[in-house]
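Chain IDs A, B and C follow the sequence of writing; residue 1 opens each chain.
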């Protein structure tokens, strides 16, 4: 005994190590990996049924396998609050719910008839959910949407988060995360934008889900990759599991998975305008583009102008790609009247052209941009901006950061201006917007 | 002492050697003189004995006295006049002792012949392009190898004898004018104080030379090649050559020396910088990767990227073991395979690798006993270990410690372990050299030969991490 | 006897380590609550006070290059007051340790371990901190030196990612003066870390131009804290009050974080290193003060006493972060007033150059 004590006296750290070995290692020895104790949630959906919340979680189910294979299922839980519903969902799954890998939050537009901030407050605060989780909405219940997303992945291997992050990077360009929503919500204007995805009952034609080519103005272009039998069979066992667990969700076993496979996620690049947590309007892809004209990050869009007649072309339809963009926004007051001015310099590249029915026969690489083209492009963009502005004015929502800009640069004048209005919320209607567009070849 | 009879004397000595079977004696008598030869057959050169000693004596016509033997008959040999008390010592050392009837003194002729190896490339530190000679077990060969590389009068060799039974010759070697005399004295003092029965290998001395005795980190350098030792002596270190050992010890020692490899000095310095960085990363990976993997799997799965997490979750789903048991199991499996492959002859080594890699690894995974990520992580840590083979024993221990820390305390334990061990190593001073120099503390001059090595032509000064006298190495 | 001095460079790195960890997690959010984005100026103001402490240190060091603080205090104030100052400092460092530990524990519990892990945290932290104190300043400062660049790189990565994601300046000048100073007073205890330097004044080796080195590294620490505050406020702006862990949150708001995976593992490892170092520094401060109060007891005793007091106070008094927060706001500022202002001011007067003609005493 004395020998042992002496030994530890010589090296007290050995004693600490022994304590760790004796008291902590045994519990760890028999602790299963965290991935088996906790569920891996990749998307969260929030619905409201009466005064109860129903939270659906797109959850990854580990299946014994040697390679990478992602099997998902949707579980639901109900509760008086979102947090309670989530923990109830954990009951049906038999695992602790961990949101740290959730990259998408889906809410149904029905929820947005009332202030949604109180519905998703928990999601904004919970530490494990990362700040850049994207918030999107859909007309159908969120649960149905997640089931459709599950099918989407089974069918064409496209993950919801991939689709959405494409949208965020290239279509919305604006930050549409939970964080951005709250930032807008708590700001003076209370306005924010969140992404919108549709569910369409799929009959094969409309069902293409990549927003790939649909950027900018060209709308949706269906390819219909997922043909007739849109893969319900692939993981029968899993969907069976999902539905049996999610029985409380109101949809019986077969209908739950069937409902998912029937409907397709449809990406049309639309967004929803929110003011004070309430949905006020929906912006189409074209209207969204109107906002993004003055967004320096929104490039790689196409601009198509028609009836171009100049020294090169005769009545041609030309499509340009925006290769680079410089935007400078200035604010000023003229006679007590606020002016919001955006100078946009576009670098364009001609990517496609038609003269009547025939293709143009010039080298487009080196083509210069004539004044006629420049005017047409300017006209095109201005129209688009005005259209969008009209919508924003109607809804009294400032999502282009006008308030923010004025607050920074002309705080006093702007506040005076707001005070002078009967309805300060409606200030967009009393403001002048100047859009100066300069076009140059890339 | 009265008249000495040769046979009696021989019997007397034979008794002292407990009539060992290799004890040999001859008696030669001519007209007037009688003399006896005593030696140990096993360590003397019999042929040389016959030709250079026995024959000349047998054929000579001169009167045989110690003087004539020493000055005329046996002149070409290494002949010594010895006292009676020194007989046994000389026989053990491989000399032939000649007893002259009627003389009080004796003659010893050195005819030592050990079985020796020729200097060959040591298996642990091979070079791609560079000197391939390694030390042998014969210290005379070793000394000559050193002398050849440092042909200077300032190369000092101090001989000591340690071990009451083994009587091992130990040589302290250093460059006069470069090495710090204080350290030389300290080393000499420490070696002289050793009172042990035998020194079988140079590693026996390591425990006595270390300043921090109860440490799992070795604080004495070990080299198997004369070019390495020569370069270390040029830095002001002190070498300790031990008879019967092909490993030469050097002090002071810092940890970074093991990251330097002799190859680094024989190739382009840009490339050696790259390799050193790889070595450093590899050794850090070897130490913590298993523990880190466990910590992530048990406590912090939320910081793993989703795709990585899915792979781990899929592959570990349905395993019979918990992550901790799995990693420990794979770890011990590897360690056992390693030990086995060391001991087995090389033709069986192939068989073990087949059994180890194919059957245990692949089949274990296929059978769902262990997971591929677990195997990969442990295999990586086990292979990376041999980037710095000199440190493999320490690092293996650290691996075990970090597996326990990571498994039971998570990331906080791993980081805490790193801080603790760094602190611990920083406490060690090896003969005045900070153990983690030149990085902790930073010694600007020595960074030239650090991870990012500079051209030899640009390194003007000797390392400051070690105490040495003459700072300038290149003018 | 082995020399136990450290270089000015190492002292500078210790300065950096002593300001990080407890300021870059909860503090930005808490200060935002009180002073909005002008919290940045609150921090700047409090740091300027700290820099004054640093200047005092330089003056004192110039006047007494080789003397211990003990000697200096006793010479000017007498034995009793010198002991009193040490006792105050002992409490100061004890609560510093408690504060840092609670902040780090709150973060780790919420984000990293996701469960209660009180015992586990104690068993990981206490032995390492104790060993750092027992091993002594020299080896500890060397350890800091070894990890300094790795930690700086970790923080810089966080800053760089945040900078890419930055959306413009925070709104400044939005706070009323009472709010501003009120917030500053509430959080004053979190500052004033440089007082640690006085305790080791005799051990810092400072030759002619090495003072600059110390200042440079101390500056790096302040720069880190201020830039984290700035980026945090400019990224989150009005929602800053919702986010509790500045260093990880400035990372996770970025788009890069999604594409690479979870970048916050960098912040996580960095914060762990930082907290070990900061805790060790404060514990060392405690032990140094303790050894000066009780001359006869050696470092081992101070560590044992520290452990006992730390655990008892933590379990009984603190328990949760919220309690600690209450203390830091309510009565710890008064302690901080003494340690951050009064003591440095007294030392400042001691450090004033002697009158001409006064006899120079020989240093021992």
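Assume contacts are C-beta pairs under 8 Å (C-beta built on N, C-alpha and C of every residue); 3 or more make two chains touch, one makes a residue touch a chain.
The shown structure was predicted, so the numbers you read here are calculated from the model rather than taken from an experiment.
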**Report entry** Taking each chain's C-alpha mean as its centre, the one farthest from chain B
**Finding:** A
Query - Chain pair showing more contacts of the two, A-C and A-B - result: A-B
Report summary line: Chain-centre distance (mean CA atoms) for chain B and chain C, in whole Å, is 47
Report summary line: Averaging C-alpha coordinates per chain, one finds the centres of chain A and chain C separated by a number of Å equal to 41
Requested in this report: Mind checking the centre-to-centre distance between chain A and chain B? Centres are C-alpha means, answer in whole Å.
Outcome: 65
Report task. Mind pulling the residue numbers of chain A that touch at least two other chains? Result -> 13, 20, 24, 98, 100, 103, 128
Report summary line: chain B touches at least 2 other chains through residues 299-300, 302-303, 306-307, 409, 413, 420, 424
Query raised in the report: By residue number and range, which residues of chain C touch two or more other chains?
Result: 114, 120, 123, 127, 131, 262
Report summary line: Interface with chain A, chain C side, in the complex: residues 110-111, 114, 120, 123, 127, 131, 169, 171, 236-239, 242-245, 249, 252-255, 257-259, 262
Query - In the complex, chain A residues that touch chain C - result: 13, 16, 19-20, 23-24, 98, 100, 103, 124-125, 127-128, 130-132, 165, 168-169, 177, 179, 182-183, 186-187, 407-408
Report summary line: So, in the complex, the side of chain B touching chain C is made of residues 299-300, 302-308, 409-413, 415-416, 419-420, 422-424, 426-427, 429, 434, 436, 439-442
Query raised in the report: Once bound in the complex, which stretches of chain B touch chain A?
Result: 214, 297-303, 306-307, 309-318, 322-325, 365-366, 368, 372, 401, 404-405, 407-409, 413, 420, 424
**Report entry** Complex contacts: residues of chain C adjacent to chain B
**Finding:** 2, 7, 9-10, 108, 112-114, 120-121, 123-125, 127-128, 131-132, 135-136, 138-143, 145-147, 260-262, 264-265, 268-269, 272-273, 276-277
